[in-house]
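First chain written, first letter: the chains are A, B, C and D, and each begins at residue 1.
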Amino acid sequence: MAPHRIGILTGGGDAPGLNAVIRAVVKYAVGKLHWSVIGIEDSFNGLLEAPHRIRDMSPSNCQGLLQRGGTVLGTTNRGDPFAYPDGKGGIEDRSEGLAKAIREQGLEGLIVIGGDGTQAIGLRLMDTHGIPVVGVPKTIDNDLSATDLTFGFTSAVEVATDALDRLNTTAESHDRVMLLEVMGRDAGWIALWAGVAGGADCIAIPEIPYDPDRFTAKIKERRMKGRHFTLIVVAEGARPMEGEKWPSEVQHGKGRIQTEGAASTLARLLTERMDVETRTTVLGHLQRGGSPVAFDRVLATQFGVRAVELILAGRWGEMVCLKGHEVDSVPIRDAVAAYRTVSPDHSLIATARAVGIEFGA
Amino acid sequence: MAPHRIGILTGGGDAPGLNAVIRAVVKYAVGKLHWSVIGIEDSFNGLLEAPHRIRDMSPSNCQGLLQRGGTVLGTTNRGDPFAYPDGKGGIEDRSEGLAKAIREQGLEGLIVIGGDGTQAIGLRLMDTHGIPVVGVPKTIDNDLSATDLTFGFTSAVEVATDALDRLNTTAESHDRVMLLEVMGRDAGWIALWAGVAGGADCIAIPEIPYDPDRFTAKIKERRMKGRHFTLIVVAEGARPMEGEKWPSEVQHGKGRIQTEGAASTLARLLTERMDVETRTTVLGHLQRGGSPVAFDRVLATQFGVRAVELILAGRWGEMVCLKGHEVDSVPIRDAVAAYRTVSPDHSLIATARAVGIEFGA
Amino acid sequence: MAPHRIGILTGGGDAPGLNAVIRAVVKYAVGKLHWSVIGIEDSFNGLLEAPHRIRDMSPSNCQGLLQRGGTVLGTTNRGDPFAYPDGKGGIEDRSEGLAKAIREQGLEGLIVIGGDGTQAIGLRLMDTHGIPVVGVPKTIDNDLSATDLTFGFTSAVEVATDALDRLNTTAESHDRVMLLEVMGRDAGWIALWAGVAGGADCIAIPEIPYDPDRFTAKIKERRMKGRHFTLIVVAEGARPMEGEKWPSEVQHGKGRIQTEGAASTLARLLTERMDVETRTTVLGHLQRGGSPVAFDRVLATQFGVRAVELILAGRWGEMVCLKGHEVDSVPIRDAVAAYRTVSPDHSLIATARAVGIEFGA
Amino acid sequence: MAPHRIGILTGGGDAPGLNAVIRAVVKYAVGKLHWSVIGIEDSFNGLLEAPHRIRDMSPSNCQGLLQRGGTVLGTTNRGDPFAYPDGKGGIEDRSEGLAKAIREQGLEGLIVIGGDGTQAIGLRLMDTHGIPVVGVPKTIDNDLSATDLTFGFTSAVEVATDALDRLNTTAESHDRVMLLEVMGRDAGWIALWAGVAGGADCIAIPEIPYDPDRFTAKIKERRMKGRHFTLIVVAEGARPMEGEKWPSEVQHGKGRIQTEGAASTLARLLTERMDVETRTTVLGHLQRGGSPVAFDRVLATQFGVRAVELILAGRWGEMVCLKGHEVDSVPIRDAVAAYRTVSPDHSLIATARAVGIEFGA
């Protein structure tokens, strides 16, 4: 039997550990099983636009990938082949051409590493054009219900926690409210974990619209105890109860820039209510970059190996996941668009409240 | 009803997160529930030897504890009150005096943070003298079967992985075998996790006695592929198949010093078999010190809060644990001395082998 | 002869290493020379407002200070005793009362750790009221001409460089311009050093007003070479040539909040000129917090010891400084308000240009 | 005029920043000046043994080099072309062949990055065979008198200081002496800097043979003050006054392994004298690996750019150096074999003694 020949691609935003998944797939599939693995650049686009944008992957060109942030294959949010920019301002379905390119390359199937948007495209390719796919979930916000945890999340929490540690030592010296804005448009997991780990006094998450007066009450309570600084973690999707303006991006000139973010909004609401000095730090992409922590490297390696095992077992259409502490798999169909946000009665919220953290509601 | 008054102590070796447990207990029990919490120094000894070695704990003296390694209460491996040095070279049972001191201090019970030795003493105090205890497990090696994970382990793995990253970049420049000795006398969890996370070529763990020839074969295989360095992680309890000398400590003069460790043993066995330059690094206590990673801080905080909840619920005699991703509890009796080592067919071993890691058997 | 009795205080913004200076003064003056050292809280205010806000310093309460960010003595920017808020919206000269408090405390003199504002107050206290002072310079921006380097700067550069490393790995995966705003209202030293150390493509500093078109040209040049991301470091005081709006803080409600910063300004100017996706990170106080790097700890220790030596030698009115690699001292009078900004023909600018960094002019 | 064509190589042990020098040379010489730069692998050996072991360097293959430890060109300590192993157990002079290979490659000269051994070979090539060379000094121990500082040293000090911080937090919890062995066979700079930065209680360096009794006195003095742990930094070349056995490597089987190191020796001497528990950590190559700190990246970049400038100015035979805070150059002839060790009356020794550090003499 001829050895397998498969493609691998990464889609959507960055998460520490993408390269570690790629490396594990290549080390196992090429290094042990002697398959061919073809790396496709910029998500599905590498096959669509430019035939030269694919490359043979071998263990030797995966050296150093375990430690390295980002993805050597590149990624993009733009390229849905089912609704592709036609260059004239419209869109067109180019999935037929993509399927053709996949067959011409002799690829038996694809390992699709990406968030639910990318997985949905993979699934549609399988349903519509019969291209076999196996999925590896990527969501730095940890908001996919199909997997207990994904790589990248723990690294992002570590970066945010380290930032809180730094703000903590400098905040102690002054009478000040320090706000740290972390990732999380729809789910507050990073804010919650980092807030507990970094000793925040208040945490604002999307799932719990906040009453600014509860935060000012916390600041005052702390002052009365002689604690003249307050540390607040704000998820980028956090918003006040009363429905005030919520962070967004606006078109500006030929590009997009950010307007007032979630932390700035809260800073404004606090200063409108009391005499307080605020300082805001927005971590932004610092949370997506850098070397993954050990935990994420192990998880990413397990995910990569499992993806190959799924192909070995002929289980196309499934996506790798973590159940408890074991790697498992689920049908991609069940996994896509099934989100998990922070329930207000989640046990970690209760733990956080027990150690005195205020959520604004 | 009068508020509760409890004692808290830490026993055995260090683990990053001990202070975070103490802080969580105090922030919840004192800050929220208005109990009294008495910190006892140097494990049970603070009550035995010196009445002045206990202190009132309050949230304000827990500032900065979340981030801080070690334990502010101190710890010791020496002081089993049931077999206490009598100062004349013998031992005596001083548990009666200890129980008396606990009652005189008006303590309704103790939160005992420690490994299985410390938990066994707590349990015996409860059984023999009716002192109510609640346990919080501490084992940096992650070898307690009653809990899926304990604080400190992830931090230790991170330190070891960071060391491997450093050795990796310098090893690449030379033709060399780099050996890194990590903790793990009986269980190879740290070596296994760090080895996978740090891209080791070989891992030696206590559970899999190794054949040195398999490691030399790996080194030669790498050389043939143009890879002139090899990275080996060695758990301190790893030993060769044929039963050669195994790392130990010897009495020397008035103290104890280490003889050849597990990594040095393996280095010797390799150099006896082939022409190879080896370099050995022994991480030692670097793995126990320093600020805990975010994950361990969260886990330690959850454990501390749960210990207080157990007392609230009158569930004395139980020990906090982690089951899956949820904090839970088990009878201390079931938890003590039930170890979990690395099964040679554990899924992470299989993953490691899939990406080409050699275990020596 | 009675042993010396001196006061020590810290003024102005935070800089990593403040605690290390305090520790060195106490370890030397108290631990070795058996002087009394009185810690004064919140700059000069501890003596002005509240007699209880001073404390005896001893080596034992300096444990852990070497590693710790912030300042255990607290600090403030508000309290000029020569122009002190009278609580009725005006100001009054309270320096007489301060001098009296210093004498009542039996302090022979003060060690004043702070920036040029704080040093100017110390000098005026000496000139007007005969209070002997010795200065230790603190300027995280490294903009004081009297000293070649001060503690805190190297730590701030390290934080900014680490942020660039993270942005680098994630930027590589996308087609994007990443902007990192770092400290430096008047001097671009941090931006320059971090930009060179972090491999920035462009650096914007206050001393070189930039032409946005030169940055867009650099972005386009990189795209033509297949490099689809650009990394830009922006000092908070950087501004465009044509004199567009420059970052400021505005009164808002009862407090102050930041408006568009230097990085956002540049992002806006770029997106007005070309089709480009930008992402902005503002490091803010992350640069002031956290444990100082080894270099800053050594420098801070040297400064603290030298301050005591100056007192031993009766050289009041002098300020510690670094000349080349040796610790030295200068008259405070010569040091205050003598700034050093980045000369456009500084050798490091030339080095940066040699490796292809664009400064916008 | 035809553009320049030069070779570049790295020799001797690793130092963080080697890659940053290579990158700066390539970015300047190739990217700006349009020269050809040929990378030679494994020091001079790449030209001697294998013509295919040289490669064209371009800015695009220098991506990521600034942050990366080790050297992409590889290095070796073996290959002195003037005394090269002839494969029959003897040595032969192969410098003629080397010079011939250099001319055949059309190289106008070499940039030699390395320690004094490597520089001496370069100089001899120039003297004997007329091959023009420019030197860039590399000595992680900072023991070359011709330059005030070299890249790698500050990174090594940071690694050692971080280790001390970790040992510090865990030492505090126990009654113990922690010994940390750091690099420095002949010069104690790393031990001195890290010891001051990490708050060591004792420092043992090669330049000050120690009296073990002074260290035991220090341990006892600390115990009397209630400080039950002591932190000792030991340079690998430190040795006791009385001339006891000093750390060495021995031939063992077909390779070499380390015998008792400097820290183990001191641990043994302490335990022979008093009842004390010791724990030893040997950092080894951890100090040579990993990403360079920002300071070293800047210095390495400056050195690389200056090396190219020397060639531009026709100043062959010179070596880049740092004088004060400015990059400069000196004749290689004057630089080789002129060492700088720690003078017992160096100002940093005095500072260390002032804060209570014991040197054992």
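In this text, a contact is a pair of C-beta atoms (placed from the backbone, for glycine too) under 8 Å apart; a residue touches a chain by one contact, two chains touch by 3 or more.
As the structure is a prediction and not an experimental result, all values here were calculated from the model.
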Which chain pair is joined by more contacting C-beta pairs, C-D or A-C? A-C
Superimpose the Cα trace of subunit A on the Cα trace of subunit D, which carries the same sequence, then give the rotation angle to the nearest 5°. 180
As a quick test, compute the distance in whole Å between the mean CA positions of subunit A and subunit D. 40
Distance from the CA centroid of subunit C to that of subunit D, rounded to the nearest Å? 31
What's the distance between the Cα centroids of subunit A and subunit C, rounded to whole Å? 35
Mark out which residues of subunit B touch at least two other chains, giving numbers and ranges. 165, 168, 291
Chain adjacency by touch: line, ring, star, complete or other shape? ring
Pull out all the chain pairs that touch, please. A-B, A-C, B-D, C-D
In their shared complex, at which residues does subunit B touch subunit D? 10, 14, 18, 68-71, 74-76, 159, 162-163, 165-175, 178, 252-258, 264, 267-268, 270-286, 288-291
Note which residues of subunit C are touching subunit D in the complex, please. 23-24, 27-28, 31-32, 59-60, 64, 66-67, 148-149, 154, 157-158, 160-161, 165, 168, 193-194, 196-199, 225-226, 291, 293-295, 297-298, 301-302, 305, 308, 324-327, 347-348, 350-351, 354-356
